[in-house]
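You will see subunit A twice below: alongside subunit B first, and alongside subunit C after that.
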Partner chain A sequence: MIKVKGLYHSYSNDDKYAVKDANFEIKKGEVFGFLGPSGAGKSTTQGVLTGLLPIQKGEVTIAGYDIRNPKKEMFNLIGVSFEQSNVYDKLTAYENLNFYRKLFDVKTRKPKELLELVGLDHVANKKAGEFSKGMKHRLTFIRSMINNPIIWFLDEPTTGLDPAIASEIKEIIKKEKEKGVTIFLTTHNMYVADELCDRIAFIIDGEIKLIDSPRNLKLKYGKKLVEVEHFENDILKKESLSLIEPKDKARLNDIITAGNIEIMHTKEATLEEIFIKVTGKELK
Partner chain B sequence: MKRILAIVGRDITSGKRDFIYAYIMIVPFVMALVLKAIIPGVDSTTINIAVLDTLEPQLIEYLDEFAKVKEFETVQDIRVRVSKTDDYLGLVKKDDKYNIISQNNESEGSYDFLELIVNSYQKDLYIFPIDIEITDSGWKLHPLKQQGANFLIIFTTVFGGMLILLSLVEEKMSNTLSAINVSPASKFEFIIGKSILGLTIPIVGIFGILLIIGFEGINYLMVLVVSISLSFISMIIGFVIGIMNDEPISAIASMKMIFIPVMGSVFGAMYLSEKLMPFLYWSPFYWAYEAMNSIILNEATWPMIFKNCSIIIFITVLVFILLKNRIKRGLN
Partner chain C sequence: MKKLWFCFKKDLVLSFKSWYIYTELLMAFVFIIILLFIVPENFDSTRTIYAYFDLKPAEMNRIDEFINESEDEIILLDSRADVVDILKKEKSSIGMVVSKQYRQLDYEIILQGFENEKLKTLMKTDFLMHFIEETPRYKSIVTTTTLMGNNEKLSDRLNMLPVFLTMNASFMGLFIIASYIFLDKERGTIRALTVTPLSVWQYLLSKVGLLVMSGLVSSFITAIFVAGTKVNYIGLFFLLVTTNIFGSVLGLYIASFFKDMASAMGWMYSVIILLMFPSFSYYMPAFSPLALKLLPSYPMLFAYRELFFEHGNISYVYNVCLMFSILSIIIFLMANKKFKETLTI
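Entry: the complex of A and B
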């Protein structure tokens, strides 16, 4: 659904590239995460992919349409949710959605139905200018769904939302994925990427350092360790034991047999740890 | 078309909730009313005569040829009417003699003029003894009416640009242009949609101004053609200023700069001598002023209107070519 080949972008039109030689393909129904710190080039890549930024070098096709000459038909197929809420403050939530749906040539979703989806139906007739930041973000998010997009671009969809609402948003994304929607998700939140993405790309300083599934990355970069907290002679002890070393394996066996375990879990690497390992930089 | 109408509808909804839009829409009418209120006081070159309804019909008919005549039932009614602040003379007949009732603050000569008409009637001179032509230094209309209305009309077209820039600033402030740019709405549809209010509201304002001030007999089709031609330049300026500013106050402040060429062109056309007129030829507002002046005076011809409008559009196209890329970039 999305093909990117040798993509470069420079805001100053020189060799100071915000995105350098990006290459990837996203299959139908896949959730592809772009993970990187602020200023890594995530939003720039999304900007080029959605036609908001001009393509300077490279090739990009979205659902078969060359982004160099984006057609109306292509925009009928995509949905874009922005990191910064961008709705009309003087219009109500309903009016915002109703206006936007009129811009499409395809069958659109009912504004009321979308408002219900994110719990904004009770403020449907309230001006968006009176909304909190989180409410505006939800309105921006559902607006991107109005044309039933088959390719959905999500820029930091859960940033700034409280955990309950962020969880709702993630559930909506999962449901859309089940319907076969292809999702391009940019985030600096490793948990969101881990939970939602089939594959992720690590981007740093405009360069994609790695593309793989979260599971493969964890297996590849994670440590084969078990962390266990247990009581021994009424003293709480915390130990980190290898699942490969025979000595540690025997020790773990003894602890389990004693049956005084308080907490035990495998010490798999988080995406953040893997990111730091791969890129040498932190996700901020 | 659906998308263009959606953009227009959005602007109307948004505009209804913003006092600046209401202000811009109402101002031309208020200014026209103010102008109208001023004009009668200085425009009363016509003699108004109050007569008894029992006065002989022939005299009333005769007076009517030279003045505005109003009939009253009693002399007291006439006195009350005459005592009001405007120019009104009373005429009553007593024992075969005519008495003129005046307040002594009427325009100079009006008393003598009425006396002359009555004498003329009494002497059975149904044809006026002399040809009277009232001229006021070449003005065919009262200058305030002619120039005031013309200035107001040209000024009103600028308001169209203001509406566009306010709408664009709103889009920029809320960053909604990005959302439009990832929808099937093309730049062309967006520009047309944004321009419709900027074109129609000034035209409604212009027709309102002309009707309020009292230009019933002029060629309104010509007014429409000139107004549309002139509105394009204001619209382009509105777009350019709109995309260059991120908040409404600075945008309006920038838009005020356009008042300089507008006022310069109009006042230049009013007061400069003929040989200095070429210095104003660069300004579309000058050509619009000239065309509108002829229309107001009922002297305009279609070839003249087409000539002036062609020049206005030619200048507008040149400006558009110069600013096209700037507008396109700003809408991204």
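Entry: the complex of A and C
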């Protein structure tokens, strides 16, 4: 659905590239995450992919359309949710969605249905300018779903939302994935990427460092550890034991046999730890 | 066309929920009030002359005759000192003292002091002419030939309307349309529109439509109140539509080169000031250098004026409409091309 080959982009039209030689393909129904810190080039890549930024060097096709000369029909197939809310403050939530749906040439979803989806139906007739930041973000998010996109671009979809609402948004994304929607998701939140993405790309300083599934990354770069808290001679002890090292395996066996375990869980490497390991930089 | 209509409707709703459209209507009403209640139908060109005549009653007969024939208002005072005192308060008046010295009449003209040499000479000549005309067998051989086909004149009040319509209706749109675009850029709403099948030209044209509509409403209100039936409304409609479109697309083209209002402001301001210069030629037709004639506001001003004449040159008005229609299409296409590259950057 999305093909990117040798993509470069420079805001100053020189060799100071915000995105350097990006290459990737996203299959139909896949959730592809772009994981990187602020200023890594995530939004720039999305900007080029959605036609907001001109393509300077490289090739990009979206649903078979060459982004260099995108046809208007292409925009019936895509949905874009922006990191910064950009709805009309003077219009109500309903008016915002109702105006937007009329710009598409395909069957669109009813504004009321979408507002219910994110719990904004009770403020449908309230001006968006009177909304909180989180409410505006939700309105921007559902607006991107109005044309039933088959390719959905999500820029930091849960940033700035409280955990309950962020969880609702993640559920919506999962449901759209089940319907076969291809999703390009940019985030600096490793948990969101881990939970939602089939594959992720680590991007830093405009360069993609690696692309793989979260599971493969954890297997490749993570350590298999078990953390256990147990009583030994009435003293509570906490130990991290490898599931690979024979010595640690024997020690774990002894602890289990003794039966004085309080807490025990496996400890996998987080994507953030892997990101730091691969790029040498933190996800901030 | 449906999308253009939806976009226009949205812009219309937004404009009614913001201040601009009300400001434009308010400005139109302020202008109407100023023209109808402050500006006279025609400016009074008569002077007030404060005079003291130090003459015997018998000698005053000729003076009375002079006062009656004068186009100026002459107020008689009791002494030269009174004349000087009142001139200190009435800065636009002059004084005159007439006395008899050795069987001759002595005329003293008292000026304010800021009058230039040209005016002094003109007054002196005017004064002398008055006596020359009294000379026996004096005959004027001056003949006047009017070269202009239509020497119809507008009242001073109506004469101000073309300037208002050109500057407020046609060229304020230049500034306003740019601010609409930059506001959409700043709020990011333009980005949301760019990722829909809406074309850039549809987005731009809906803004032009809004400006034309508000320009038409405020201009028609002004024309109805100030000129009443003394205007060709069909011609006014076409001229307002074409010149408003021209002003708006010119604003679009200038805005297409800039990222935000702050960086475009200097250019916008300079262009509006430049477009105001032909007003000099409008009020002083003798001063019409080619450089001013080439500015678009020049034909606009004179075309608007024709609409208020009883026998105005309507074909000139429609030629101006045609010219601005063609120019608008060209500039709009250029703005559209440029905005395709810069609208979301």
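FYI, the second predicted complex is superposed on the first by the 284 of 284 C-alpha atoms of A that agree within 3 Å, B and C clash if a C-alpha of one lies under 4 Å from a C-alpha of the other, contacts with A are read in each partner's own complex, and residues count from 1 in each chain.
Criterion: a residue touches a chain if its C-beta (ideal position, glycine included) is under 8 Å from a C-beta of that chain, and two chains touch if they have at least 3 such contacts.
In this text, all values refer to a predicted model and were calculated from it rather than measured experimentally.
> Label the relationship between subunit B and subunit C on subunit A in the superposed model as either fit or clash.
clash
> Touching A:Phe104, do we find subunit B (first), subunit C (second), both, or neither?
Once the two structures are laid over each other on A, A:Phe104 reaches both partners.
> Considering only touches as defined above, state whether A:Gln84 meets subunit B (first), subunit C (second), both or neither.
both
> Quick check on the superposed pair: does A:Asp162 touch subunit B, subunit C, both, or neither? Answer first, second, both or neither.
neither
> After superposing on chain A, which stretch of subunit C overlaps subunit B: 96-104, 132-140 or 294-302?
The superposed arrangement places subunit C into subunit B at 294-302.
> Indicate the residue numbers of subunit A shared between its subunit B interface and its subunit C interface, in ascending order.
Residues common to the subunit A contacts of subunit C and of subunit B are 50-52, 54, 72-73, 75-76, 78, 80, 82, 84, 86-91, 95, 99-100, 102-105, 140, 143, listed in rising order.
> Quick check on the complex: what are the subunit C residues that touch subunit A?
By the definition above, subunit C touches subunit A via 2-3, 6-7, 10, 13-14, 17-18, 187-189, 191-199, 341, 344-345.
> Which part of subunit A faces subunit C closely enough to touch in the complex?
So the residues of subunit A in touch with subunit C come to 47, 50-54, 72-73, 75-76, 78-80, 82, 84-91, 95, 99-100, 102-105, 140, 143, 147.
> Which of the residues in subunit B end up touching subunit A in this complex?
Checking each residue of subunit B against subunit A gives 2-3, 5-6, 9-10, 13-14, 17-18, 170, 174-176, 178-186, 332.
> Within the complex, which stretch of subunit A touches subunit B?
Touch list, subunit A to subunit B: 50-52, 54, 72-73, 75-76, 78, 80, 82, 84, 86-91, 95, 99-100, 102-105, 127, 140, 143.
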